[in-house]
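The structures considered in this document are given below.
Below, chain A partners chain B and then partners chain C, in two separate complexes.
Right, the complex of A and B next:
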């Protein structure tokens, strides 16, 4: 390209973060006479209001058509400087951010000379890219004011209600024949002793009254196409009929599975060894006394952390390293319920750390007051359960008493089982959302973006993201509803224009690109006299897989053209004198 | 010989900490070296001096004072200015050292009062150039226990960064010079009236005041600090670019964290767990291992509550890194030699009963308390209902979280319970959609 460009370069000190390790004045001087560079300046803080204003004035006065800021990671300030360009009527895609901090000064604190040399090369590459930029326009998509909620447990139901309260349409897809998930199965739940099934009944009644909510039970999602704001989904209904509709956002609230102990784990399989959910059901149904096989339970032991906090170097192939969060509180609460049923029962709690965090501490206190006894065991010396005559013996080293080995004879052993991720391979593949090391769906950022996934427009709620209590699941589902509503009520979403573009002169329609695209974004069209490929802009993610597969080099990625990348490499390779 | 302020020029790096400490102590809320009673001067590399009132036995200032406003305090030995002062300024002319002067802004005579017997200027001198002692401190080269955080070149560089703000006479030229109009001397509080359909209360929490746990000696022993203070000592912009303990600037090599300070403790009236302290202490322990790789770190705990996503893994990682975890509640902390501290605890897992362990720095992992100011935000008729622990009550926290006792008012974050950042963010998201839904319904019903 021989057209003359007018580029402004700003090299930031970052108050010493860059300038202590990179000679920013030298960087500025090295590029000031480079081709098309009109302005080359040092600034103390490029992101400060005053400097932003200075850039805007420079762009307007010097009629710049390209902007380079060499500062921090684009993660931090790409949007800031794009906005500067826009305010100065410069196309935002003619701005390039050079990462001089995370990728240069912070990584090379020990060698200022070399760091400066690298800094110069990075800035030159940025200038080279900018020289070949074209003004691009965002792709604007009108959002469909509807949300698909996958999962009709307490999280899914509550998210649906929140969205419907805002006048947005919601479709709930539940694969079971009834809504309510785990909550529906349970009686008194902590901390407020509300009955789980009643909670679900109330929510279901509210949902029934909302015209905006459509509920499909016995149904599942079988296909998802499109992108944020405009997904096309296919649902297989209970009668095997398949229906299709469009939604703007998807909330995944598929919940958890309870950990299923393996045979012989703490005596699992023996008569009288049950998991916490099984025991909870027993307690909910009991009246006056707690019975097992017709005889009254007098002594029982809880073993905590079953299926949670498993050792990394143990015998298990895929140990659950994580803490399941809800089980300590659930177990002490259940113990209080047991004491209310039959105050005479002796209850022994074999725990590792009592994680009744926050206000749940009070339930721990309460269980202690109701004569629960607490025995602490070490993660490296796990309790053992054996059968003896007509009862069970639990052997444990009591760490609260110097590690002395004690044996407790009990009628019933409750394995306080944790939460494990639901096996949802089909769904995960359809939605293409990532799973974390623990097997639960992964958020983008645990603090800043806890319900968003890397797929824009798909949100995760409740225990599909990680173990949670009932109240916490509801909080997370409302948070997901908040994100979904924010997206849909704006009415449109702007997508970056970094998509593939086909050169119809070169294209011979061999179909290779269509095969390579994982998003189905390429289709065949007639152009003048021949068949050529074309890109469906709303579906293209700019992944670039099609580009190397094209035998004719007929496809380019806007914003990252071959020429741009080549010129950046040339700039990086050029010796710094 | 009685204690006095002794200055050793060889040790001074002209950091002006004395001025900052003095002005902060005397003005209570601002650091304004112009208000300092002690003056650090340098003339290039040649002359260094800190001038401080000598509390002369036969004091000229006292003699010329026409109203007898300058009175010697029998306890501290200092000559104190009393409120008999009529601002005649005679004393400022009389003092041969220039150690008493008029502050033009607060319009009062400024004179060293030895801070009631423990001068802040000496307390905060990092090199012990200025000490409150019977005799001068030994030569700096023999002073083995001081960490020399800066070599001489670095010390001079740092000292030269000082902008000499002590010289500010508030002439106002900076206001004219600042292009961004960022400096104001005359800002006043403004009251605004805003009409809203819904209010989200996100007034946060109060930190437990470590003074209240008297057996831990916070405020009494300088090397007992709170985790908030520790956060500053391990932050990327920490003072001196090194993690140092407060009493003498030594790099600590045996640090203790005392968990549940102000939490799970009925003796100070808070039975609740604060949810965040386990994790922030483990985080700080890992950071300390970065800045002080040789230091031993012990965490005294009741239960390690690493319950959030990825937290247990983080806890395990810190154990692998070599942090010691000791199950046992700390009963009391007492001073030991050289500014060290004896931590008394019950060795629960070892089964050996009461134990004590010496540490050279103790960090109190203070807990979270409700911010009760939130309860009085709405005073026209309705009042925000509180729960049994004085947090704002969520009337149906199971399925309708953030909703409070007042229609249209929602509580977000730690307003209604102790929460860590991820949980606060989620809770705030819930409050946002609740408020939006409330407004939508309100408008629909009109």
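Right, the complex of A and C next:
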């Protein structure tokens, strides 16, 4: 620590973004004589090619062993300046980025003097941290060219096939005794009327013929260790045997549950009130006429948005605020199928908003042409279902007729139920992937990284991520397959070296760190004459929870050592004169 | 409160077929009507399809005010046969209110 260091400091104007509110000349002057600072400059755009080149020349000429750039957020340019360091043969982890724009100039536009003072402190802290950096090397992990697919519905099966076609081994784990999920249960499905079970049969046959795919049915994942590229998983098979193997990536395609209405919701529980999946089964099985309890159905009503778009301020504890996306299209398609079975059935659709988006709009028109009648209701005045002598009465205010209250006598009420997240607490705990407010698995970025999770190497596919049609589920599963293949076919992944390190002189092996680590990255070893803790580098995430739990202060996080943090705090606290 | 009567439309179709299922309730017909009849044809057709007979019959004046000029039908985005539908309704009213054309 007492070694002399040679640090270069660059304070960026960002073309006025910083220098309009922070006196960057003053910042540079304040730190130019700091300990170990051998070169300090103001630059107009640190990220410009010319300035990057200038930095490289400075590093080489002045033999710098530390670099500080005070510019924008590391989110934007950390990698840029790490690459500058590498091109100048300076270890990339001896570079520190100081966020002078997002966390200083843009935030304190009202007070240039104070902003400048804060800027000086931030740069000083950056220098203090850099002074204590060590050259670190990435941890390189060789990837296992195999993928575990959890869930054997249409998404899981399609992803498995795509990966196997690329020459990668795939294991599918399905908890039911048969593959196919919801799709297998259904008859004609939109938009092309292909029979669901036939779609599954085709996929299953292709999978059967693929040597690279191993399918376990009646099985579940019970343990996952390791990290991206090299996970160790344990599967409990149907005969209760437990097998272990390694995979490089995991695709979660666990699907959805259909919303189950509560007792009395739109008359649910009364004879003749069914959910859309139950109705779909009736239609699929019908032959020439649609029957309920042996008598022919003449009039039926659909009620849309059941279990979706529930009011936030209503009586429900955990309302589903989202639109389930598939149900409008599925309901109008089913109505067309009903009209094909028995054109004499009168079908009334009670809807809030008709969301047969994109190409599915033609199915809405088709249902209308087949004499379905659409009645719009207001979200504030929901329809009511009650029982009368031998039929059901649906009461609704028809918004398309000036809110006229009408009563429709029907034999059957179909509740157009949406999708809800599947309860998979065990799996979620094993994989440690996050769940969104809606209860579905969360992607990292809804637009740019839609199938990746915050756990590197674990991808989400199909309706486990949110309500989707079959076609959209397959799109998402193929996306997960390609992200998985991209990872595995490269052959390796580089992980940042910010992991915990045990000082074996101080360690007394009390086991506290092992207990605190959520990743199982600490184990006991013998060192000379005593038992000590050691960190399994491939498992450590650098979370740092072990550090405060150690009573002997024997653990440091590389790149964020106690001394570095303390020196940064000292620098931040030092008065600016 | 009105009770929906699914068989009303069949009765209405005994003269010529009544068909407004393609209607998307856009209101072009009402907006374009040179007679400024605010009920015809969108809501009237809705009453027929829902089988609200009273609502149909109490609008006899409006239904016979129509000029059959086809301004609405020419501009209907869903090609609803509006004039034929109005003829159906007139036939029904003639029979029910004016007791005409009974066998």
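As a convention for this text, the second predicted complex is superposed on the first by the 577 of 577 C-alpha atoms of A that agree within 3 Å, B and C clash if a C-alpha of one lies under 4 Å from a C-alpha of the other, contacts with A are read in each partner's own complex, and residues count from 1 in each chain.
In this text, contacts are C-beta pairs under 8 Å (C-beta built on N, C-alpha and C of every residue); 3 or more make two chains touch, one makes a residue touch a chain.
This structure is a prediction, so every number in the text was calculated from the model and none was measured.
**Q** Following the superposition defined at the top, how do chain B and chain C come out on chain A, clash or fit?
**A** Overlaying the two complexes on chain A (C-alpha atoms) leaves chain C and chain B fitting together cleanly.
**Q** Once chain A of both complexes is superposed, is A:405 in touch with chain B (first), chain C (second), both, or neither?
**A** In the superposed model, A:405 contacts chain C only, not chain B.
**Q** Could you let me know whether more residues of chain A are touched by chain B or by chain C?
**A** B
**Q** Which holds for A:203: it touches chain B only (first), chain C only (second), both, or neither?
**A** In the superposition, A:203 contacts chain B only.
**Q** Contacts for A:483 in the overlay, against chain B (first) and chain C (second): which applies, first, second, both or neither?
**A** So A:483 only meets chain B here.
**Q** Mind checking the angle chain B, chain A, chain C on Cα centres after superposing, to the nearest 10 degrees?
**A** It is 60 degrees after superposition, to the nearest 10.
**Q** Looking at A:465, would you say it contacts chain B, chain C, both, or neither? Reply first, second, both or neither.
**A** first
**Q** Does the superposition put A:148 against chain B (first), chain C (second), both, or neither?
**A** In the superposed model, A:148 contacts neither chain B nor chain C.
**Q** Check the residue A:372 against both partner chains and state whether it touches chain B (first), chain C (second), both, or neither.
**A** second
**Q** When the two structures are overlaid on chain A, which partner does A:346 contact: first (chain B), second (chain C), both, or neither?
**A** Touch partner of A:346: chain C, not chain B.
**Q** Counting only touches as set out at the top, which of chain B and chain C does A:299 meet: first, second, both, neither?
**A** Only chain C is touched by A:299; chain B is not.
**Q** Kindly classify A:359 by the partners it touches after superposition: chain B alone (first), chain C alone (second), both, or neither?
**A** first
**Q** What's the minimum Cα gap, in whole angstrom, linking chain B and chain C in the superposed view?
**A** Between chain B and chain C, the shortest C-alpha distance works out to 6 Å.
**Q** Indicate the residue numbers of chain A shared between its chain B interface and its chain C interface, in ascending order.
**A** On chain A, the residues that contact chain B in one structure and chain C in the other are 365, 400-402, 404.
**Q** So in the complex, which bits of chain A are touching chain B?
**A** On the chain A side, the touching residues are 49-50, 154, 158, 162, 165-167, 189, 192, 194, 199, 202-203, 308-309, 312, 321-323, 325, 353-362, 365, 376, 399-404, 436-438, 440, 446-448, 450-451, 465-467, 470-472, 474-476, 478-483, 485.
**Q** Once bound in the complex, which stretches of chain C touch chain A?
**A** 1-4, 6, 21-22, 24-25, 43, 46-47, 49-50, 52
**Q** Provide the residue numbers of chain A that touch chain C in the complex, in ascending order.
**A** Within the complex, chain A contacts chain C at residues 298-299, 346, 348, 365, 368-373, 375, 398, 400-402, 404-409.
**Q** Note which residues of chain B are touching chain A in the complex, please.
**A** Counting only chain B, the residues touching chain A are 179-180, 264, 271-275, 303-313, 316, 327, 348-352, 389, 397-399, 401-402, 417-419, 421-423, 425-430, 432-434, 436-437, 440-441, 444.
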